[in-house]
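Look for subunit A in each of the two complexes below; its partner is subunit B in the first and subunit C in the second.
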Partner chain A sequence: MPVGYFGNSFRDQRDGRSARTPSASRLPVWASLGLSLLLACLAVALRAPWTLAALAGVNLLYLVLCRVGCGLLRKAMRGLVWQTAILLGLHCLRFGAEGVYPALRVSSQLFLAFLPGMIFLASTGRSELVRLASGVLPPTGAFVLGASLHFVPLLVREVKGIYHAQVLRGARILPIDIFKPWCWPDWVGCLIVPSTVQALAMAGEIAMAARARDFGACRHRTCWPGNALRPDPEREP
Partner chain B sequence: MISEKRLTLRDSLFIGFCAVFIVIFRMAFRWHLGISGHSMFYTISLLLLARGCVSFPWSATFAGALSGGMALMLGLGKGGPLILAKFLFPALVVDLAALICPLFFGSYLAVALVAALAAATKFFNTALMDWLVGMETVMILQHALIEAAGAVFFGVAGSLFVPAVLRKLKARGVI
Partner chain C sequence: MVELKGYGYAYPGTEDPILRDVDLRIGAGECHCLTGATGSGKTTLALALKGLLGAGTQTGGIRFAAASGGADPTVGLVLQNPETQLFATSVGEEVAFALENRGVAPEQMVAKVRVALQAVGLDVPLDARVSSLSMGQKYRVLIASVLVMEPGLLILDEPAAQLDSRGLDELRLVLHGLAREGTALLLCEHRSQAFQGLVDSYWHLDGHGRLQRGEADPLTPSPSAERAASRQRPALARAEAVRSESLAAGAGFDTPLWAGASFALEAGQRILVQGPNGAGKTTLLRMLAGLDAPREGELRVLGRKPSLKTLRGRIGFLFQNPQRQLFEDRVIDEVAFALKRRGVSAEERRARVAAILEQCGILDLSQRSPHTLSFGQKHLVALASVLVSDPELLLLDDPFAGLDAHCRNAAWRALMDWRGHSTKTLVWTSHHTGDGPVTADVLLTVEGGRIACRLLRK
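Right after this comes the complex of A and B.
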């Protein structure tokens, strides 16, 4: 049911926490965003191994402050292992043994550039993100940005499902097949086209769900004000 | 393709997905292998897909602006605020081409030509960046040409699947 995208039945991408639940982070959203951007920029700018190690420590502290579970870290580490293996292979092919250190450095830099953004997205509620973006973007633009960022993990899961189903059907879209030009039509017909259809369908369902909740009825306000979702301290016993 | 003046919420969300994927790919493929212009492979293909699937005349520019803004916030690229131009210039070329010849998405040759023109805008970005850091004119031209040649190669390679995808989507009545 499309409207479920914005209802309580839809669980956000974070460990079963409802999408409408405000952030559990100890940091305010704007501070969390600023810290996340700073850490991502530092990961790109820093080169020395000890600075990267220190940055990894700061990232762990950020993870604890944002109260994100270890599941996210485990998922990120799995990606790191794959990425390091690919980069080591590519760098060794191009530079020989001298490519080992740059490959490890680039891989850890990429990991540290990705991790703060993942923590920020996992620890911030969708409505909070949209409210934050509303300050700098037009209302529709803020909603589009917030919704796109939050539904991309779901879309990636759907694309993975399509990929596995097509592999089971015998489509020649395994990673090795990317180097075989005669398999490229399978990539287009069995993966890219269904994934584009899925993205269009998901966009249509999100738009329908938003309209069902009067999105666009008021020209300027497109998200609930911040205190509507937060418990009122005066009402609490 | 009939162009609509108004951008619907569904179309803008699809464009948003394209923009997010451009940034994700750009982050994921920062492999520092010394291969110039490889980011144009997915940038051009996703910009073409955003314009081809949506009838709004400036949809590629919208996708470029969104992805450029996100890349700017994430500190991607070496040019600081100039990173916005890296996404906006190719997107403008795609949109202008679609305005001039709306049916170009059906032809492999026309799509490759538009992709080459869009990717070649990297010449101006690189030249501007080099000029700002104070390089000599000859060096600027050489460097910008090398970068643009790589970008054109990867941009054209990435664009070649777009006509097939759009044809299949049209045949199934999705767009």
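Right after this comes the complex of A and C.
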């Protein structure tokens, strides 16, 4: 059977974008993990504005070294804006104008504490994570950790779908309804319960699919060589 | 290759077996198709062959012919939902998953993975993102990830449910190739006609656990349903339900999913949105419901700019896999929920719920828990819970996917009854060509970044 005989090979993908896996970091995974932990700890420890500015610069450098696209930074910045607005509001409510500086500082510290972890996860493939986790966890635990992270976006999509379906059926679960205690039963009944049931059903399906491919058949799992296969992009046609 | 003799199985806690006295023999290179209503035991039989059934009562036996090395041949199983079977980010890693589980040395993996990908005709780099592939390609990756275990018997559970026409054509070619090379195939499939020409024997599970000789059934809606639809079509379609001017979809800086969509839909029309997987059919529906904003262009739905606030209560939306939105303890409460939230009186609620349950053919289930029903019955409950509020515009995202002929006809009849005497507008999507044009007034084809609008009936 000739390779690619369907005529829909990889390069024919919609809009012709490259669709390679993200793990092209210039740093080894263990170094990337260590650096992200260090940067997160520093964000908690440092308080002076100039040190936080310097830390933000180091984070940017880390982002570039990990070859993570600007999309992640855009998403994180959007979160930062919301978080800062909420913190500013709460601090000003409690302390007046004096609350502005502490609010900005706490918001920057929180942002810088979470950003390195986001960069690490975005730049590390599942197999590398599993390989790394295998050093400290049993193979099953390492796989479960990797699979859990992998399926988070799917679960989020499912919960969003349930949310929209229930809103259109008339459930009182719009953001404004969170401030109305008489609507709280709808949050539980229409969103939390079905989402939990869906999460459990998904977990069952995932476990079944893993067993169908012999997960648990051998005590010593091996690991896909991953980045060791990656050809030099400059030498690729 | 494999033989079941008098095989039976009952799930723990139930006395009624889901499979009884099943006799089946599958030889190397043969292709068998197993049909039957939802909940009739097709997946159970597949799990039994793979050895994945948990505690329960088994009778009879399954016997495998020894492979060349003297061991039982491996059974490969691809389950129904691709999304929950794709564990990895890259294609190579995904296909190698079973090898990792078997403890195969990493340096031997690459060659085995390439052979499996070649067998399903996929020409992609090993580090290609799984998420960037089409649904048809993802399905072939899943088959490759099973072929890497070199199975003697390959079982596919509902392969046609997720695939568009092109994906199905590709799959048929792959399966032909595998059968030629001696792999035995078992397809558990509602749309049995989808694999005509490939299948050597059809089998039917009768709903009482017994396996009988079967045949390919027709795909199109039953003539009686179509006759009823023609009879009840309203005489005139009038006010404008949807108007779109140069609409484009897609987020960020990427190329738009589709663009330049201009069309007008009248109240009372039945509109089929058709196109391959990933073309943007669901996106169009979400825009009509006000869940996603257009990237460009002007859109008016029921005379207003669509948003959750403006359309809440005026439109109904049945998402894919609508069973997940069920949460009440009784079917009757589930269906009544929307009316309760609108402040409809208890008496009127009871009458309307009973009427809609009857329309959907599930009145006898009204006191049952929705969570204990079969897939098809849950689907009908979800449909009833949307229809009961009598929306002006009803949006259905692939409403017949995974439904057996009985439930498909029941759902279709309920929709036609709902529309029968009114100017209600119905929009539904499908990735199967031939599923709906006979019953649609307007066909919207979403393909290649464009939406074409064709009036089928005045």
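Methods note: the second predicted complex is superposed on the first by the 199 of 237 C-alpha atoms of A that agree within 3 Å, B and C clash if a C-alpha of one lies under 4 Å from a C-alpha of the other, contacts with A are read in each partner's own complex, and residues count from 1 in each chain.
In this text, a contact is a pair of C-beta atoms (placed from the backbone, for glycine too) under 8 Å apart; a residue touches a chain by one contact, two chains touch by 3 or more.
The structure presented is a predicted model; accordingly, all values stated were derived computationally and were not measured.
Chemist: Quick one: is A:Leu37 in contact with subunit B, with subunit C, with both, or with neither? Answer first, second, both or neither.
Modeler: Touch partner of A:Leu37: subunit B, not subunit C.
Chemist: Does subunit C touch more residues of subunit A than subunit B does, or is it the other way round?
Modeler: C
Chemist: Of the two partner chains, subunit B (first) and subunit C (second), which one does A:Gly117 touch, if any: first, second, both, or neither?
Modeler: Only subunit B; A:Gly117 stays clear of subunit C.
Chemist: Kindly classify A:Val167 by the partners it touches after superposition: subunit B alone (first), subunit C alone (second), both, or neither?
Modeler: second
Chemist: Using the superposition on chain A described above, determine whether A:Glu158 touches subunit B (first), subunit C (second), both, or neither.
Modeler: Touch status of A:Glu158: second partner only.
Chemist: Determine, under the contact definition given at the top, whether A:Leu90 touches first (subunit B), second (subunit C), both, or neither.
Modeler: It touches subunit B, and subunit C stays clear.
Chemist: Look at A:Arg213 in the shared chain and tell me whether it touches subunit B only, subunit C only, both, or neither; answer first, second, both or neither.
Modeler: After superposition on chain A, A:Arg213 lies in contact with subunit C alone.
Chemist: What part of subunit A is shared between its subunit B contacts and its subunit C contacts?
Modeler: Touching subunit B and subunit C on subunit A: residues 147, 151, 189, 193, 197, 202, 206, 208, 210-211, 215-216.
Chemist: Show me the residue ranges of subunit A that touch subunit C in the complex, using the header's touch definition.
Modeler: Per the stated touch rule, the residues are 1-6, 8-10, 13-15, 17, 19-23, 71, 125-127, 146-147, 150-151, 154, 158, 161-162, 164-172, 174, 189-190, 193-194, 197-198, 201-202, 205-206, 208-226, 229-230.
Chemist: Quick one: which bits of subunit A touch subunit B in the complex? Just the residue numbers, please.
Modeler: Where subunit A meets subunit B, its residues are 37, 40-41, 44-45, 87, 90-91, 94, 102, 106, 110, 113-114, 117, 140-141, 144-145, 147-149, 151-152, 155, 184-185, 187-189, 192-193, 196-197, 199-200, 202-204, 206-208, 210-211, 215-216.
Chemist: Provide the residue numbers of subunit C that touch subunit A in the complex, in ascending order.
Modeler: Interface residues on subunit C, with respect to subunit A: 47, 50, 52, 77-79, 81, 83-85, 87-90, 92-93, 96-107, 109-110, 118-119, 121-129, 131-134, 136-137, 145-146, 149, 166, 170, 173, 177, 252, 254-255, 278, 289, 291, 308, 311-313, 315-317, 319, 322, 324-328, 337-338, 341-342, 371, 385-386, 389.
Chemist: So in the complex, which bits of subunit B are touching subunit A?
Modeler: 8-17, 19-21, 24, 27-28, 30-34, 49, 53, 66, 70, 73-76, 161, 164-165, 168-169, 172, 174-175
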